[in-house]
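Take this structure first; my questions come after.
Which chain is which? They are A, B, C and D, in the order written, and residues in each are numbered from 1.
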Amino acid sequence: MAQMSIEAMEVFLAEHFPQGKDYGRVESIGHHSAMLRLNPADAHLRPGGTVSGPAMMALADVAMYVALLGEIGPVPLAVTTNLNINFLQRPAPDMDLLAEAKLLKLGKRLAVGEVTIYSEGEEMPVAHVTCTYSIPPGDSRPND
Amino acid sequence: MAQMSIEAMEVFLAEHFPQGKDYGRVESIGHHSAMLRLNPADAHLRPGGTVSGPAMMALADVAMYVALLGEIGPVPLAVTTNLNINFLQRPAPDMDLLAEAKLLKLGKRLAVGEVTIYSEGEEMPVAHVTCTYSIPPGDSRPND
Amino acid sequence: MAQMSIEAMEVFLAEHFPQGKDYGRVESIGHHSAMLRLNPADAHLRPGGTVSGPAMMALADVAMYVALLGEIGPVPLAVTTNLNINFLQRPAPDMDLLAEAKLLKLGKRLAVGEVTIYSEGEEMPVAHVTCTYSIPPGDSRPND
Amino acid sequence: MAQMSIEAMEVFLAEHFPQGKDYGRVESIGHHSAMLRLNPADAHLRPGGTVSGPAMMALADVAMYVALLGEIGPVPLAVTTNLNINFLQRPAPDMDLLAEAKLLKLGKRLAVGEVTIYSEGEEMPVAHVTCTYSIPPGDSRPND
């Protein structure tokens, strides 16, 4: 079971990451996973109407954060230590983006996950991300 | 359909990548995918009997190469341009490693894929890799 | 000599990347290099007053773009294919960030660079980025 | 001052990483840095006489390990958690490779560095690597 509901997650994000609402909205939180949706606004677009790279990186970072907090509960000091993104194709213009985050490892000190970003309704991803979060000490999870 | 059989792939690898047999053997070639198996020998091990990081990086690189060539046929000049690996947990000692490679993008000039490495029989991966290959001009695949 | 002045670069960025001004301003363009400055506004900050990870990723991406265009001139279709960032320490609160971009390779089809981000006046970097851009065909640079 | 001499480092590597001698020899250990040299043997080469990608990944991993142990002393349980490599150009055939490792961060739990690999005597690098090591608890270094 996820440690936080979508509503609790959005309250937490609004407090600790006030710009987070510009990065996407929480669509679901599952076992070691989360999905975010980005309904692009002007600030996310490049000329031609496709979502910019920085908007996708922010979306992925928050998606991974939500998947992690869904497992360990609200830990504001968890911080990204590494993020690697491959941009695969241009997103379809005027389409929502969906970011599926999945934890690959949940250790005591480090969590690693991957995030796949799709234009809604398309089969092939537009970007793929791997991401590491460092978790502050003081928890009781399994050893790394 | 894969463009190359396992047998053709092994002949090709033996010619163009003579050390490749130390990196793992081709287990299967599928649609945009391949699986390799590494039966560890002394040269792959660290003290304690677990497979070394460099051995896993080599295994992943070759697995991605096989998945790519399985789609585009024998193109010796395809070269790795980027490889990113996250080591997730120590491999189980004395177990084979399986590397599952999957193409995320197959463009005219660039192919991107991910490789997940498992200790055989274990559920959680020991390493996750993303990898980009540059494909030389002169082909007739879709534009990037 | 750089192919574009700071003024020409800012006009180009304003046209092709309208949100770019939120990502930092061009401080200098040199041989295979560029420096950008980010004077943080509320949109860049996390609670506590340090610059957010997504703001640093965007800053690095634009810094690399400026270093590249400084060499090859205004090529709007150059696109990021890979970006890898390591977050090293929290930025100092209320300080400008400086992003130093340096090209490691400038090929016909691919350019690779690194970007180091500092809090102004500090010695140790807050983040380090490597980044690959794909350059569209039709140019006359050396082969990759 | 480095915590370990070249001789002590080679004894340590021979014990804890027996294949390490195939990955390169320690040329120097400095402040937050190290240099390794790889004199290519058949096992490192691809047809055409250039060093293979896996051989360069192994060289970079060991170079970063040496730079780290040079600062913190012999800690056998330090393990690579992430390695990202960009291959920039083919190495010159029949030339030694030099790998310059530099620590970008040395925290209590994580160390991050970059490694630049050159063909000896050439100006432009053949590969660039960033690498993160996880350091086991029980030490007295500054907080991450």
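Following the convention adopted for this analysis, a residue touches a chain if its C-beta (ideal position, glycine included) is under 8 Å from a C-beta of that chain, and two chains touch if they have at least 3 such contacts.
This one's a predicted model, so the numbers in the text were calculated from it and none came from an experiment.
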{"item": "Most distant chain from chain B, judged by the mean position of its C-alpha atoms", "value": "C"}
{"item": "Rounded Å distance, chain B centre to chain C centre (Cα mean)", "value": "32"}
{"item": "Where chain B and chain D are represented by their mean Cα positions, the distance between them in whole Å", "value": "23"}
{"item": "Multi-partner residues of chain D (at least 2 other chains)", "value": "81-82, 84, 86, 132"}
{"item": "Contact graph of the chains (line, ring, star, complete, other)", "value": "complete"}
{"item": "Complex contacts: residues of chain D adjacent to chain A", "value": "81-82, 84, 109-110, 132, 134, 144"}
{"item": "Chain C-touching residues of chain D, taken from the complex the two chains share", "value": "84, 86, 88-89, 104-105, 107, 112, 114, 124-125, 128, 130, 132"}
{"item": "Touching residues on chain D, where the partner in the complex is chain B", "value": "15-19, 23, 43, 46-47, 52-54, 57-58, 61, 79-87"}
